[in-house]
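In the two assemblies presented below, subunit A is common to both, partnered first by subunit B and then by subunit C.
Up next, the complex of A and B:
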């Protein structure tokens, strides 16, 4: 399973928790749609840091990096490659 | 089971305990009664380098790791009877940690030395009159203009607020965005035009800590006042809570250790029905429960501190630490009064002050109910 699928599945299963029947669009704005809120982002960070064995630095802890599955995937891949 | 400290930590703790007993505790009953924050004691604590512990030397700090900082503040909570002053110091250190992790290099070089040296007092301004537990649903705004940002609004309950030289302020910069992305934090000097404070609040406990309202009436700040980046405020707040929910419980745990000692000594000394009251299970079980919570609290506290030192995320662990230790301390203080009977209710035995001071601990830095919400959310409920 690639990075994008892991992230999609976590958001779908853990943050949406059955509130949505259709798969999430990779470009959908997760913050504006309320899928990721101020607590949800902490759950997401715990997941991606543990699952991918990375550390997101304070400089990267900006909303733009968490606005969609695409931006989260790019952030994680960037950290993995670093 | 007791936490083992390194020789350096032991040495620091011993020095701080002696300092607190000799310098901080005299006069606490009067300061508590009158609600006096002692500038002189603040300076003495700064000279002891208590405000400098976790900051790198290049920014005027002493470069200790977070676990050592936690162990020293726990010793301070244990020995100091002035919980308000200790809380003022924690507020200062936590503002410094926010600066250290999110500030620009220039902000760190400009501000941290005076923060670590206690020359400038810091406050963190989040809470508003209509947003307590839901702290990020604020109304204070910072509207962009040609010169930076124009800030308007009011904050309340702010620790150190009435005496602060610098305020780390959270405000809405984009009302069209959700909380994540719509809030930004700023560093605002108290001499900014349009800034004012209300009278310090008269409180039940922590009476030597100055809390109050802050007013921002067309306060103009430059772009260089932003801490972190525009829209990063909510994330910065979440991040800083992990440090706060470790450092505050460190002091609370120290207070609990003192309560256990005081109650144990009293239960051995006080006689009733021809024997020490500690022989009665109604008393000894209460103290046993205090001791159990103290030791479990230590495990939780130092686990949280070590996670932060390791650069790990500790949202779940720090919420558990804060919830468990604050509730345990409050219960320990209530039981201490019960064990001391009528004497516990008098000012002479000083336990009533511990109880009054402890009551706020399950409210500030996120109520116990909010900690339970966080824990539930993190485990997927």
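Up next, the complex of A and C:
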């Protein structure tokens, strides 16, 4: 599975917990929809750091990097490549 | 004094009940904890602060509300804190559901002319309110209500109320290791000031500038927002962002070189870059 799929599955299974009947779009705004709130960001961060063995700096914790599955994937890939 | 002792007693009790024993020490003894002061301009439009769930109300709690037992607090220590702080003249903005305060945040008070009263946190934050500026602090949401998107609407309620009264700016801060607070401030688009490192042993505090020189260089460290030296990254054009980012993240990661490059500097003026007096050592890799 690629990065995007792991992130998608985590958000769908752990943050949405099946509350969403429709498929989760990779461009969907996760902040506007309230999926990534202050608790959601912590769960997501723990998952990303443990699963991909990377460290996300507090300076990268900006809404622009976590607004959708696509932007999260880009951030993770950037950190992996670094 | 009574409300202070009761507040302390309940704080200890809450830590024990919540099995957060370490909090009792961790909040009073720490070393080099990173604090980020921040400000929010109230001149612009404040987005809607309501909540999808109509059961939540946003209110400003007054001393007479507590005396008349109009509200109760889901966190007992917050009730005693409210009794104490309201008597001091601080203001309490709260989220209410079924007559119970499930989350609240404080702000300092000002004189009717807008002249601010100082707050003890000014020592560690370095923040100083001018007329019609106010300091907001100490937000808490009851644990079973966290994760319900209440923090941002509560802050917006506070901002909207204060803006309506003529305030121009709200100051606050967060600890960098408090990810929830960090995220909330970023969502609300607070402008962040240079970080500070705070060491505390009970009543003793030591505050230092954040040691940028020993941190990995990243772009946002350089563009830390401040009235004196500021690169408002979000307002940059994409082209300028790319050019400047590439330059600063190249091998010559040096503020001095950047300052020497007149062409780049001119270009960056278009994205509200202001001349800085930040020493090069602060941004050297």
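Criterion: the second predicted complex is superposed on the first by the 82 of 82 C-alpha atoms of A that agree within 3 Å, B and C clash if a C-alpha of one lies under 4 Å from a C-alpha of the other, contacts with A are read in each partner's own complex, and residues count from 1 in each chain.
Criterion: contacts are C-beta pairs under 8 Å (C-beta built on N, C-alpha and C of every residue); 3 or more make two chains touch, one makes a residue touch a chain.
Treat the numbers as computed from the prediction; the structure is a model and nothing was measured.
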Notebook entry, point to check: Once the shared chain is lined up, is A:63 touching subunit B (first), subunit C (second), both, or neither of them?
Noted result: both
Next item on the list: May I ask you to name which of subunit B and subunit C touches more residues of subunit A?
Entry: B
Next item on the list: Considering only the touch criterion stated at the top, classify A:45 as touching first (subunit B), second (subunit C), both, or neither.
Entry: both
Notebook entry, point to check: Can A:78 be said to touch subunit B (first), subunit C (second), both, or neither?
Noted result: neither
Margin query: Which partner chains sit in contact with A:32 here, subunit B, subunit C, both or neither? Use first/second/both/neither.
Written below: first
Next item on the list: Name the residues of subunit A shared by its contacts with subunit B and its contacts with subunit C.
Entry: 31, 34, 37-42, 45, 58, 61-63
Note to self: Touching residues of subunit B toward subunit A in the complex: what are they?
What the structure shows: 101-102, 136, 177-181, 228-229, 231-232, 234-239, 311-313, 315-316, 373-374, 377-378, 380
Notebook entry, point to check: Residues of subunit A touching subunit B in their complex?
Noted result: 14, 17, 31-32, 34, 36-43, 45-46, 49, 55, 58, 61-64, 66-67
Check: Which of the residues in subunit A end up touching subunit C in this complex?
Finding: 31, 34, 37-42, 45, 57-59, 61-63
Next item on the list: State the interface residues of subunit C toward subunit A in the complex, per the touch definition above.
Entry: 52, 146-149, 151-152, 176, 179-184, 186-187, 216, 218, 220-221
